[in-house]
Structures are given as C-alpha cells and as structure tokens.
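Shared between the two complexes below is subunit A, which pairs with subunit B and subunit C, respectively.
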Partner chain A sequence: MDEITLEAAPVLGGANLEISGNRIVERDDLAIVSIATPLDGQDALAEALRNGWSLDVPDPTRSTLSGEVRAIRTSPDQMLLIFPHATPDAEATVQDRLAGTGYTTDQTDSWIVLEVAGPDTLSAMERVCPLDVPSFEIGGTGRTVMEHMGAMAIRTGDDSFLLLSASSSAVSFLHAVETSYRNVT
Partner chain B sequence: MIIDHPLLGPRDAAEFVVLGDASLIDRPDGMTATVEEMHDYAYLRDNPAGDHRELWYHEQGDRSWLVVTRSTLTHEVIKVELARNVARAQGRSR
Partner chain C sequence: MTQAMRIEGGMVDRERTLAFSWNGRWMTGYQGDTLASALLANGERLVGRSFKYHRPRGIFSSGSEEPSALVQLRDGAAQEPNTRATTVELFDGLYATSQNHRGPLAFDLMAVNDLLSPFLAAGFYYKTFMWPKAFWERVYEPLIRASAGLGRLSMQPDPDAYDHGFLHCDLLVIGAGPAGLSAALAASRSGLRVILVDEDFVPGGRLSAETHEVGGQAGADWVAEATAELAANGNVRLMTRTTAFGAFDHGIYGAIERRTDHLVDAEDRPRQVLWRIYTRRALLAAGATERSMAFGNNDRPGIMLAGAVRAYVNRFGVAPGRRVAVFTNNDDGLRTADDLSDKGIEITAVVDARQGDVVEDTIGRRGIRAIRLGDGRRIDADCLAVSGGWSPNVHLTCHHRGRPVWNAEVVGFVPGGELPPGMSVAGAANGTMTLAATIREGHGAGAEIAGDLGAGGSPGTPVEAVDESFAAAPFWHVTGLRNRAWVDLQNDVTTKDVRQSHQEGFRSVEHLKRYTTLGMATDQGRTANVLGLALMAEAAGKSIEETGTTIFRPPYTPVAIGAFGGRARGEHFRPHRLTPSHKWAEENGADFVEAGMWLRAQWFKKPGEKGWRDSVDREASQVRKSVGICDVTTLGKIDIQGRDAAEFLNRVYANAFLKLPVGKVRYGLMLREDGICYDDGTTARLSESHFVMTTTTANAVLVFRNLEFARQCLWPDLDVHLISTTDGWAQFAIAGPNSRALLAKVVDDLDLSNDAFPFMACAKCSVFGGTPARLFRISFSGELAYEIAVPARFGDSMIRALMKTGEEFDAVPYGTEALGVLRIEKGHVAGNEITGQTTARMLGLGSMLSSSKDAIGLRLSKRDAMNADDGMRLAGFRPVDRSVILTAGAHFLNPGDPADMAHDQGWMTSVAYSPELGISVGLGFLKRGTERMGETVRAYSPVRDQDVLVEVCSPHHVDPDGVRQRG
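After this line comes the complex of A and B, so read on.
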C-alpha cells in the first residue's frame, strides 16, 4: 500500500486579504486552550497563571497580555489562553504549568482567528458587531453574535482586532467580515 | 430590549435565551417532596401584570444565568442579577 502523508491545512487556506489599505489575515499559528476555575480555586489558579506566564487573571470584558500569550475572560469561571504554538500538544503544555489548578480543554481547532487591521476597521466592525467596539479599551473583549454566528472580538490596537468564530462556519464568517469592510471602503 | 448584564454591561436581548419564571431556581428536594409539591413546581406559574422575575441565559455571551426583573406592562428591565448570587443568597452552596 502507498505511504499516505497527511498535511495540516488552515481552515480558510491561510486567508490574507487586502481591502483598500485594510487587512484581514487568518492566524493559524495560534493555539487556544480554555481554563475553567475549580470551585473555590480562584487564588491557586491566579498564582499558577502569574508563575507560569506572568499573567494576571483578566477581569470581565478584559484580556491580559504577557509577551505573545493572551488570557481572555470568557465567563465568570473561565478564560481562554491564546498563544503561538506549532505542535498539537497545547493543552498538555498549559496543564504542565498549571499543575492541576485549572481544568483545561484544547480548543485550537474549534475556532478560527482573524486578525483585522486598518483605518476602516472601526467602521467595518460597527456594521457587523452589535457591541460598542469603539468604546473598547485596548485589550477589551466581548463575545456576541455577528451575522448570526457566535464570535469573540478582542481589541489589540487603535485600529486592530482579533476576531474568533467557529471553524465550522469559518467561510461564512470571513465573508461577513470581508463584506463589512467592502461596504465602508 | 437591552439587558444590563452585571458583569458585561448593556447587551442586546438577541444574545440571550429566556427560560421563564425565576421560581424554577427553587426546585424541591426530589427525595422528600410530595407529588403535589413537584407538580406545582413543574406546572404552576404566576402570571403577574407588573414586575416579573425571569431566568435568562447569556448563550451568545459569557454563558451565565441571570435573574432579570422585568415589567410585563412596560417591558422595562428593572433589575439584573447573576442567578448564582441569587441562589447563594437563598442558602444554596453554588
């Protein structure tokens, strides 16, 4: 039998669009691991996060950043850790440093991450995202619905966001974001 | 309708799913309750004209359960609390 070699491919084929000076890029280099807080285990988890990554536990609607590792608050007892990671063992590497102080689940392939940036980004976001994104501070986050698809937005700069949405509807999500940019440029 | 989430601020009702009367928090102990108590819990609801406490789930947000006090006459949202805080205030462990 022939040797079969499988090669991993990005969900959106490594999308990289330029729209009148704005850019939409698929970030397929990022690993996503969710961390849930055990009952009454907030302090131990916060300490493990500080020792492991020099990260503070983010407040609701906020994210914290240390180097290239970002923690995003998703619910009262849960956060996402997003960081560049090439191999499919992100959950194990996070759990190594947490040493049981949080419940971890690898969510890398469940989400796609779009990095959007450029001068028309706020206008485009206002039209596709029901949250008041212009009022977000840098590092501010929110989870909502865009064009009926669940999504998360993280403001990374004055004119740039990370957008997370389900990989199963990634093509439609990219289309929604791209259309919003085309409508304002 | 805008629901002022206690942690996240004002959010559109489209992000939420409504379950109904907040008395659903007070489920009787199934091992000791009588059939009548379980029946009343499962089927009987007040239908007030005025303030109504309801359970809402922030499905397209932070997945929290909320107790929303809402006027059925004006649709005004009067109070929004985390359901777990309401339950804990009633003596539940979580």
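After this line comes the complex of A and C, so read on.
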C-alpha cells in the first residue's frame, strides 16, 4: 500500500468572498491556544506572557496585541492566544514559553475564524451580532450568540473584525455572516 | 382617471406621477401619497366591506389606527391581506384589491347580513348553533369560518425575504412629531446617542397634517430643518417607516422597519427588518389618536375623523369631499372647518356637541350624501368630519402591566401606574395636547435624560410655537337613536352590543372586550376603546375612572409573522453542525439524521440495498465479523486541567476517579443533586493534571455548564480549568475483531498488544507518519474496539485514510443506527434508559455508587425509595415467537393481568433487530427484573396495536462476559 500522509483541510475550504467591496476571509493560518490561569498563579503567568510575547494579560472585554500575536480574555481565568502558526503543534510551542505557568489547550481546530472587512461591515454586524460593536474600541472583544451560534467578535479596525465561532457549524456561520452583508449591500 | 379630488398644496411631489391598480382599474397618484390619499384623490370613497354586516366602508383615518380601509396588497404569493390603506406608501405599479365581499365591492352578496343584523348581535354565536350537536364541527364551524375573517391568505409560502438586527442607543425616541423631534434635538445636542423612530414615511407627526407654525415658519419646514440638524449631529439615527411595537425587559424595544414595501422591486433585499433595540432610556412621544362619537349610521364611507380630513387636505392635497360637514366636541375639531374653508372647500355645517347640537343620522348607502341633525334638519354633505376628542397613545406604557389612568381634562386615558423601567413619556402621548407645550415637554425630557445619563453638552432651547386652543368636553353618543350607531368599525360593534353585553352580565371591561370583540384585530380599537368604555360606564352608572380600561400588549400595530421568522427559514431555519467526515459521508451514501444541531450519518446505503434495515444489518454484522468505523466526533469532549482536576472529577462523578492512573480511561456516571442519573461517559487521564472527559452528544452543553458551575461556585478553592474541545478533534470509533490489526497499520510506534494497551487504556500518539492523535481503548459495541482522535483539520483526510487502510479487512463505515443496534445487543444504556428519571440501581449500575466518598447526588441516591428491592431493574427481552419484531414503549404485564396502570410491570426502552442473533431484542425496565430471568411477560403496546409475549433475559444479549472487548 502507498504511504499515506494526512492532509489538513480548512473547514470552509479557504473561503474568500467579496461582496460589494467588502471581504469575508477564512483565516486558517491562525492557531488558537487557550491559556488558563492556575489558582493563585496570575503573576507568574503575566510575567511569562510578557517575557514570551511582550503581551499584557488582557482585561475582560479587551484583547492585547503584540506583533501578530493577540491575547483575548474569555473568562475570569482564561484567555485565548491567537497567532499565525501552520502546524498542529501550537499548544506545545505556547507551553514551551509558558513553562508551566498556565494550562494550555489547543483550540485551533475548535474554532472557525472569519476576518470581515469593508465599508458595510458595521451595517452587516447590526444584522447578526447582538453586541454594541460600533462602540467597541479597536481591540475590543465580546462573546455573544449570532444566529444561535456562540461567537466572539474582535474589532481589529474601523471597518474590520475577527469573528470566531465553533468550527462544526462553520458553514452555517459563514452563511449567517454572508447573508448579513448581502442584506445591507 | 384624473384625480378629480386633488386640490392645491400638500407635501406630495406632483412631478412624480405614480400609476397603481385598484380593483383592476389603473389610477394615478403622486410620490408622497398613501394608497388612501390616492384613492380619495381619485374619488374612491367605498373601499371595503365591514367584518360582520358587510356594510360599505370607506377611509376613516389617515394613520395606523385605521379600522375600515383594509385592503389586500399585491397579488399571488406576495399577497398581504388586511393592510391599512392609510399606511401604504404609494409606489408605481402598486396593486391592491378590496376584501371581504362576494361579487363586486359595490354589490356585495353578503350585504344580506346587514338585513339579518337583529340576529347577529354580540355573542350570537354563543347562543345559536347549539343544535344538533353533531352539526357544530361539520356544518356550523366551517360555515362560520368561511364567513368570518377579513382578507384572504394566498395559501402559498411568503416569497419575501425578512431580516432582523440589533441596535444600541442611549435614548430611543418613539415618534418623530413635535415632541419627539424636540427631545431628539435636546438629547443629541447634549451628546447622547439617539435613535428616533417613526411609523410614518416622513417625520413630523401631526405637523405634517396641520397648518401650525413652528419657529416662525411652516411646521413642515421646521421638521425639515430639525431632521437636517439631527442628521448633521452624527449621533442620531432617524428611522422612518419604523414602528416601535413593544417594550420588553431590560430596556429592550422591538421595532419593525419596512425597508422595501414602498419599492417596486426589492431586488431580493429583505422586505422588513425586525430590530431589537437596546436602550438606556426611552421616550415615548407617540402622539394621540382621534376618536369618533356614536350617532346613527356613523360608519358610512365619507365619514372620517376630523384630523384625518385635515391631513388629506393639508398634507396630501386631497379633498375628502366637496361639501363637508363637521361634528365635534372640542376646539381641535373646529380647526377643520377653517382649514377646509381656506382651501375653498364648502363647509355645509359645523355641529358642536358642546352647544347641544348633534348629528342624529346620516343618509346614503355607498357613501354619505347628507346628515340629519337632532332638530330634524337635513343638510347635504359628501363628507362628515367627526372629532370626539383625542386619546393619548399610551400603548407602550402598558407593556409591563402599567395601567393608564383617566384624565378628565384631557378626556382620555393618560400613562399611569409604573412605566417600563427607563421609559418616559412626552407630548400628546402624555396628555399634553397643545403644540408649544408639547415641544417644551419633549425638549425638557430630552435634556433631563441627557443630564441623568451624564451627557455634558448643552441641549439648547426649545423652538418657539403657539399653543392652539384645546377645550374638549366629554360627549360620547347621541341618545334616542332609531338606527344603529357604531362604536368599533372594525369589528362591527354597536352601542347596542355594548349595552347588551352589560345587560347579560359582562360587567368587567375585559369581559366586554371578549364578548363583543371591541378593540380586537388590526387596529386594537384605537378609535373605539374609549367610546366603548364610556358607554359601558354609563350603562353601569359609574364613571369611566371607576370602570377602568383594558391594557395593551405588544405589538402596537400588526407585525408580519415572516418578520418574526426573519431569515430563519428552509434549510437555514437553524444552524447545523457537521462532523469532519461529513463530506466523505455524503460521497459515500450516508443518510443523515439530526442529533441536536449535529447532522450524523445514520447509515450508509450500498447499491442494491432496498431499505434502511439492509444497510444497518450489514454494517452491524460487519463490525461483529471484521471491523467498522464510525464518526463519534459529536460526543462532548471537555479538557480538564489543574492540580485538583482529579479531586474535581471525584466530586462530580458518582464513582471513584481520584486514583485513576495516567494512561487509563474510566467509565463514569454523573448524578443530579437529587441522585438521579443524568449522564454517562468516559474520562481519560493523559497526565497527573490533565483529563479528557467525554459526554453524550445530547448532554455535552449541559454537562459542561454543570461542571463550570461546580468549578466556579461550589469549589472555587480547587485549581481546575475546563474548556470544550468537542469541535477540535475528529474522533472515530474503530470496532470489531480486526480493529487492532487495522490500527496497527495506522498508529505510529505504539504497542497495541493486549498487555501493552489493554481494555480502557489511552495514549497520546501519532498516526500515518506523524499526525498527532489520541487513542482510547473503549468499546460501546462490546467488540474489541478503540476510539482514535486527530485534530479536526485532518478529519476528512483521516476517514479516507482509515477506509483505504481498512480495505484489506473489508472495513465498513457504520452509522448511528448500527451503533444503536450494537449497543442494544451489548446491553449498554443510552438516552432511552438514562432519561432523567432513572437511578443507578435501575440501570444495573448500582455498584458504581461509591460509598467511600462524597460526590454530587450520592447522598440523595441512597434514599430508601430509590433503592427498594422491588423497584424497576434493567433487563433484556426477546420475543417468545422469534419472528416478532418488538416495539419500544410497550408496557410489561404479567400474563393474565388486565392492561391497566395498576398492573404495570415496566416498559420497553430500546429495541433492535439483532443481526448477530437473528431475532428482535429489547432492553427495558421491569419490576425486580434482575430476579426474573427466564420469566415470560406480555409486552403490550396499544399505540402500536401489539400484544406479544416476551422472555426476560440478561440485558447483555451478546458476549455477556465481556470477553470480546477485553480480548
């Protein structure tokens, strides 16, 4: 039998849509690793984050950015680290730098990440996102439910967001976001 | 047609002529017309037939309160019945027809009902149609249903698109009349983020309909100036064609925006958008609605509210009649005569009830021709403008059960009781009935709210205006009438109906409403309620205040069901979750079943297979014979880490987990606080501080939520952390005697021998030359079996590789049906058995309950009643006649006992045809089941018309000693 090697496939086949000057792109180049803060281990983890990535621990509803690495606060003792990384060993690379100061879980395959951008983005977000995203500062984040799907929105620019939702419902999520753009353009 | 009733002036754009079809005839109107104003411009007074008596009806109002001019808009699938012509914005190509008549509108055959009116009074249907009893369903009800109702549905799916959305603001102002605009100006100047909504397609409210001056200029000009300032402020969203229809919890308002109803071609964009508006504060500035008075034949076409007459003249440039009479009980109504005279329209009479003059009757059939006064004089009039006073639009103040209170000065109900939190009211909606006062109140409210919310800007000063005279006196109905007088035009409720209701004992306003239907349907009695209450109060000898009022609930005006559905229709009714092997499964004949939001392959059809049983039998057989592969990604997976993770698990599982060795998996049982089982699954220990829990597909979210609650609230002192990894791993069960041989070709460098990797072992590993994976030796089928997981991105590639590698073993994919067959054969419990009503002992898992620790539910699981020896116990069942196919849900009875609950012995929970045994087998709960092996009981299912004898046996129909899974 021929040698078999498994191939990674983006959930949405690398979706890249243009809708009246707006764009929806599947960011399958990003790895996501959750970092949980050990009980009474906040200081050590904060130091490791600073030393490892020059990142501050984000406050609730905020994200911090250093280069291409972004930390998003998701719960009282948990954050997500999002960064470009192609191979399925993101958790190990994060843990290498944390050296046990945080509990890590690879979340890359749990999420679909859509980058949405364009002049109609805020109008489109009104149709799908219950959060007050127009009032988000750049870097602001929020967890919510979009079309019955748990989701996270991170404002990356005046007219751009990263949207995260469960990878299993990625097709439905893309449809929800795409429909929102089509309904306002 | 030439728009014969069009006069000078108004806000319509005479450069833009629009053609529309009314009852098959093409007419013209102008941009800025409503369908109602365009019909009036074309001399169309008769536009519909009344609900019960099929009386000729015309246009009564100029707004959303319209009770009479209901039409069918559009045709074919897009047809919309009961549309108020007064709110339909005219567009080129509009197609409308009248409704509720048989034959032509002018010669409605059902008008015979009017002659039968003595037999059709309020509540007649409660007293008639009583005999013979059998006629009710077969004759009377179909007859009544055919006669009742107004418009007709197309009976086709709605072809239009709808959407919903979410908006946020500091202040929502409801109504863009003088009060609302003034409030929005003050608030936005102060720096608040404001949303201003109005149901009309132009802002301005009554200013569009009146000749008032504001700020030294025409009211409409000030409206244009104000809206321009609001637009320039940048923090205001002015939404016309938008009705705030409900005040909900936490400052959330529902609003419906009509986006494309006024366009010829919506270009596939949503017709309407249902907005959920999150507010810090809201200001209701919804104005007031004029009401009529009751006098003889007060429902004829051409009889209109005086304010509406002014609106048609001043805003639309349309004369509702050439010779107009006015009947009023207030100064506001008198302005009508002045406005019409200014336009050169003849005023034939001004009848002021305050002077003791009344209109007693009207003459005409398809439209009014004359009025007859109380003194017997007949005066010609082709239009009668009636003003019985104004009722503040308090509806939204009632949505949290606030009850309006009577204000004798206003002669109407004003907001009372507790308003929805965060709501204020200003302007006519608050009982402030004159222009300058309304502007000041709106401005003051906007400024005050801005101050409350800490906005620092200056609200400026309110614009100057003059208070017109407003002197109203209560006058409700003319006495001593020979002819019927209508209270509620939409429901054909007359003064006689209201009095009769009282006579028959319906003394509460709520009873009055339900007995007479007063105030129901599309207009919600906005022009009728107060009149009805006044009549009822009079009949009871009470004041209106003592009589009280009904209150309102959402929606303020009708909202299309399609708008509530929004975009959630068809295949997008709800999201779907797909497993990583979904595409491959589609390519390989999978038939999918919904499991929650998941789509799971339930079997894979092969060529030549005639039904699902063929596929399922083949799949289950092949698993027992060689090897099968099943996508089990949908099982919940929870990553549990922390120094205290083992202790945590030991507290949430009923069985022991503290000493589970690294590299091992354990089956665990979770109890609710009350000791009842609610989920089961396996948990693997990957390191001292790292576990991976699996849950059932159905309970994945529930278990995670409960664990999170336990972690955060019950034991915050434990160092334990949770995160779902359900979607992160593509997981496949590989089951059957050849599973080890197959996996040996898949897994890199891991000794899979029984000694090195025994039953309930687990390991991190890699597959196909380096892809990271996790391997668990667990079995749901009872066979030698494993579950292997790879990161989801490799899932599609993994299933293809597994199937390719498995070719030499004739490996088959199997779906959830075969999975079910295998587990029933093996006697493993699942959702059919763990129902939320069953205990560990019932399930045969009583020995798992630890007696040496405490865990959630353990203490209450020890209650005597839950451990009685004669309780239900899980058992297996086989038909005595081996050819019988068993049915789930059958109840067990001892042979000879009657089939009633007193003799109930239990019930069948799961059944399957066992390809392994060649018979139908079942699992179920039977009283003292474990002690009754070999007995014969009846399995009785009246629902499925089955009554068969079954033999009680071990639930483990296949391999009861577990040799295979440990082999």
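Methods note: the second predicted complex is superposed on the first by the 184 of 185 C-alpha atoms of A that agree within 3 Å, B and C clash if a C-alpha of one lies under 4 Å from a C-alpha of the other, contacts with A are read in each partner's own complex, and residues count from 1 in each chain.
Keep in mind that, in the parts below, contacts are C-beta pairs under 8 Å (C-beta built on N, C-alpha and C of every residue); 3 or more make two chains touch, one makes a residue touch a chain.
In this text the structure is predicted, and so the values were computed from the model without any measurement.
J.: Touch test for A:39: subunit B only (first), subunit C only (second), both, or neither?
T.: In the superposition, A:39 touches subunit B and subunit C alike.
J.: In the superposed arrangement, which partner chain does A:14 touch: subunit B (first), subunit C (second), both, or neither?
T.: Neither partner.
J.: Taking the superposition as given, does A:119 touch the first partner, subunit B, the second, subunit C, both, or neither?
T.: neither
J.: When the two structures are overlaid on chain A, which partner does A:130 contact: first (subunit B), second (subunit C), both, or neither?
T.: Touch partners of A:130: subunit B and subunit C.
J.: On the A-aligned overlay, A:157 touches which partner chain: subunit B = first, subunit C = second, or both, or neither?
T.: neither
J.: Name the contact category of A:84: first (subunit B only), second (subunit C only), both, or neither.
T.: It touches nothing on subunit B or subunit C.
J.: Scan A:5 for contacts with subunit B and subunit C and give back first, second, both or neither.
T.: second
J.: By the touch definition at the top of the document, which applies to A:60: first (subunit B), second (subunit C), both, or neither?
T.: first
J.: Quick one: subunit B or subunit C, who's touching more of subunit A?
T.: Larger number of subunit A residues touched: C.
J.: Check subunit A for residues that touch subunit B in one structure and subunit C in the other, and list them.
T.: 39, 76, 78, 130.
J.: Within the complex, which stretch of subunit A touches subunit C?
T.: For subunit A paired with subunit C, touching residues are 1, 3-11, 28, 34, 36, 38-39, 76-78, 88-89, 103, 105-111, 126-132, 134-135, 147-149, 166-173, 175-176, 179, 183.
J.: Which residues of subunit B touch subunit A once you look at their complex with the stated criterion?
T.: 7-9, 11-12, 14-15, 60-64, 82, 84, 94
J.: Show me the residue ranges of subunit C that touch subunit A in the complex, using the header's touch definition.
T.: Residues of subunit C touching subunit A: 161, 163-168, 269-270, 273, 276, 278, 567-568, 572, 574-579, 597-598, 633, 639, 641-644, 689-690, 712, 717-719, 721, 723-729, 745, 767-772, 790-794, 796-798, 801, 804-805.
J.: Enumerate the contact residues on subunit A facing subunit B in the complex.
T.: Where subunit A meets subunit B, its residues are 39, 60-61, 74-76, 78, 130, 142-145, 150.
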